[in-house]
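Per-chain residue numbering starts at 1, and chain names A, B, C and D are given in the order in which the chains are listed.
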């Protein structure tokens, strides 16, 4: 059956529309709208991180918020100790690196120890809770790293990412955050279309079988887990810089489960769907908190439940598939996010 | 340029490098914003309704207190409007629910300040929530009323902490309970800033009055089983147990110590007054619990106020009218008096007016703002619950001044800008 | 053909699961380019042998050598890269992916990207699945899935191909097609080790047959010798 | 000397019974069905609310607890038929779905009953050993935990239901071909796990504040115990509760609750590395040993 061999898919169209909207939006809104959207962009990185490991490699982690917290705290500790606006960007790298290293160690611990599936979820949840419990009791003055006072539940004040003497604020802040989000998104999409990404897709379905095709499955699991740790830590750094603040509740149970719900509703297998749904749901949850606070969480819970029960591939992915099938005449069978390599092969063959 | 925040001189004297870093970062942020935000606010001010921003916990862990505070805000705004508003302008309550979530506090504080362009923010219950939004407040040079009991020490040009602090509660309180029961004290406290700092205050004043702290235990916020703690306390056999537990989970302590048969007088700065444990737990779990408060529903009759009835006129289902409910009501009214005095809602002017010394006749008696620290001079009532959980008034301390910050820490906000939380 | 060194050599290999001896003191060699059948009653340990060769399980004792290297301590992926490939008993395909993606997953560690499309097309033609490249694998028939898996195993360009019941669930026509594929692969010089129950199929393809019973080597010989062996018939009938 | 020993024993059995009761419902559902019920805490909350509501109305506490457990069991059966049944084989999705159910339950309870309801006191009073007084009710909880384990053992090992349930876990298709209504077994198992959660909630109700987020008090302990215990609820959960109980009581008495809690979580992470299948996995292996030496 001949098939269109272009980049024209609902997913890609949605991404372009999303990008245009995100570029135009700050010129159509007020100061709050701009800062708020930047904040959403920072938190959406967490959804991308989760989508990468859960959707692309079948690893469900409740620990992304732990790496988020590690990134935020390490960024704060570094920038409070090493002054200067250029150092804030070094701090960003330090935070990301820290998240990646901790994730790599935990990943090695789990995957080389033969822990998989549900137990990965439980282990990462335990890590999150350990970190929260630990950070929560750092209220005393003895919990100071150099010049940085950890400050327990009252949270830590953190310098903002700066250019020259100017901390990022308003539109510049927004566009830096947006660029980071889109950059990470494109990087992850590209990675999932490489050999390595294909291997992840395969090991998600059947680990021993994939190993018998010559993939070093455990190493790949550790790699993708560390990568997702870096992205989650980046999310934490951007969040901490945005509010000038981080506290242990960013590693709590609720914080750990929220991104899972966003990604489940959108469609975990698609980075695009995860990104868009995270943005929409963050906004929705904020709107509900304003207009119907008592009912907000009930509505949210119902939405998640309906998605899981009736649209298991996720609302956004289901929409993509519908458009692909009926408007773009693309056949089923392609996973979102996998379009490019399939076409490459088809085009040649 | 003095209005530009906290000049370097203010901090240089005794402040550590850490605070310097923090301050300069925020100052830079504030400067970057200054031009833009001032323009926005200029447009918003002195026309249309006066917008009172309210941000608190109507849902989530802290909603027991949050709903009381919200009812107080509704009542205050309703009464202000009945009296013709502020400066003849209608008063509008712009309320957001932070859902007991610090992240939500940050989002909503920004929304209220930048989008709704509120004139003043009355917000927060926990210290964590307050600290989460304080950078945002300072950055935007807003007026922030923190109408709540806390561990004390916040010296910040933009913050008015009108509730009780250890100056009010611990200083007169410790000698009084020690005279009654003895000098050996055991402290259990929530393991975070409020608990640790208040415990430090208590220790200081126990020792200053010739007593001894024979045990101190800090308990993680999510712990709800106290079996080992109860045994540890019994082993130490103190004369008084200071209880600085917070949150719903930790309140399980009372029933547990009761069923374990532990009989020891307790002292606290928060229980019963905020989340009415004496109403929620069957007697005698809280019998012999002593607390210092600015107000409690049971005190209304003695104080000759119909405040609880008025609150219930706007919130008929409210279960309790406690100390923070009264503090919230007083805070909003003090802002109104400040704006009237300034003759405008322009923020610098209102702040100056508030710093000139505002007094309000609240449910708990006269409350006035201490210009140097932005805290309040207020009456404090020491009460305890008897075996049937009836509240008994033991002693009244009138017009207690919160002068530790100014006397010992040199906080003098009108003359010396600052944004630090000092610790004992 | 130089038969200097066997391609695969199992030397005194044993595998216990708890108290169960699945394989005991098993010796087996497969030469370069050899086509060998491994038969035996259910529970004889045939599939365990495959798992030991592929590295899904580690032997309790004994050694396994492949292409001159001792591989029994190696992880599966390393063995695969060394030229071992398997078609499993229960189809080890990826039902959620398309035929083409299945092939790509199997091939990418062994085939350069610019040759990928060509290689996949060739192999699909060889296993009779040309035209189904875009189909999702869960929509294929059982036989088609078996062929796909053979195709996937081949895309690794193995030196030794392990086939575990390649005709299970196939009709006579499909079985014949499978036999032709196996023969043509062997004709190209690929060594193949097949586990099968279908004696007609074995007769059709095999030159040498190894019989296992109760985890042990029971008999070895040509298909005619094995079929004439009364002991072998007995173990199949449970009379041993 | 005796005072010290008794105190230690008391602390241990308190930790043990809380860990065990918190975890047992979760463990039954996880062990039998492979489903992680993230609404476990909210099921406990429902049990606590039902119990408290009835007890305040004058129903004797023991009866109120039983009715509460039963009601949560029925509720669990309904949830299984409406939701869980559709998600078998989609383990990670069932995690998300049960989280959503939990959210709806706790928030719905907040809307219905407000932030808190009046609780009931622990019955039976206190007793003293040496200078320390203890709660009788805590002792009762310990006894109930042991009885519960015994009851579950009998249920699963000695009854028709238990036989069918075990057949279903071990091999669903074969159990079905032998005439076991496996769908019904799953419903019953989920209902049993839910009822156990409700029972734990009811038993804990007199010891804690009754609020819509009541369940979150125990979820961490429950998950930790199930991780350490592994998939076998009858063997793993009691052993996990016992070993974690020792750690909790020892650290709590010596260094305070913070260290106890951190110790609990760190132990869990280490256990996962050393025993990925939990204590019941270890027990399985240990059972194999004599056979191997035969």
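Everything that follows uses one rule, which is that a contact is a pair of C-beta atoms (placed from the backbone, for glycine too) under 8 Å apart; a residue touches a chain by one contact, two chains touch by 3 or more.
As the structure is a computational prediction, the values presented were derived from the model and not from experiment.
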Minimum number of chain-to-chain contact steps, chain A to chain C: 1
Chain of greatest Cα-centre distance to chain B: C
Chain whose Cα centroid lies nearest the overall Cα centroid: A
Where chain B and chain D are represented by their mean Cα positions, the distance between them in whole Å: 39
Chain A and chain B, separation of their C-alpha mean positions in angstrom: 36
For chain A paired with chain D, centre-to-centre distance based on mean C-alpha positions, whole Å: 33
Chain centre separation (chain C, chain D; CA means) in Å: 47
Residues of chain A whose C-beta touches two or more other chains: 133, 137, 294, 297
Junction residues of chain D, two or more chains touched: 107, 110, 216, 220, 258, 261
Two or more partner chains touched - positions in chain B: 59, 191, 218, 220, 222
Residue ranges of chain A in contact with chain B within the complex: 30-33, 35-36, 39, 80, 83, 133, 136-137, 139-141, 147-149, 151-155, 157, 159-160, 162, 165-167, 169-170, 243-245, 247, 249-250, 254-255, 286, 289-290, 293-294, 296-297
Complex contacts: residues of chain B adjacent to chain D: 59, 61, 63-64, 67, 191, 217-220, 222-229, 231-232, 234-235, 237, 248-249, 251-252, 255-256, 258-262, 279-282, 285, 317, 319
Contact set on chain B toward chain A in their complex: 16-18, 21-22, 25-26, 28-29, 32-33, 36-37, 40, 58-59, 96-97, 99, 101-104, 106-108, 110-111, 113-115, 126-128, 131-132, 135-136, 139, 191-193, 195-197, 218, 220-222, 421, 423
Chain A to chain D touching residues, read off their complex: 54, 60, 109-110, 113-115, 117-119, 121-123, 125-127, 129-130, 133-134, 137, 253, 257, 260-261, 264, 294-295, 297-298, 300-305, 308-309, 312
Partner chain A, residues of chain C touching it in the complex: 54-56, 75-78, 80-81, 85-86, 88, 92, 94-98, 100-101, 104-106, 108-110, 113, 116-118, 120-121, 133-136, 152, 156
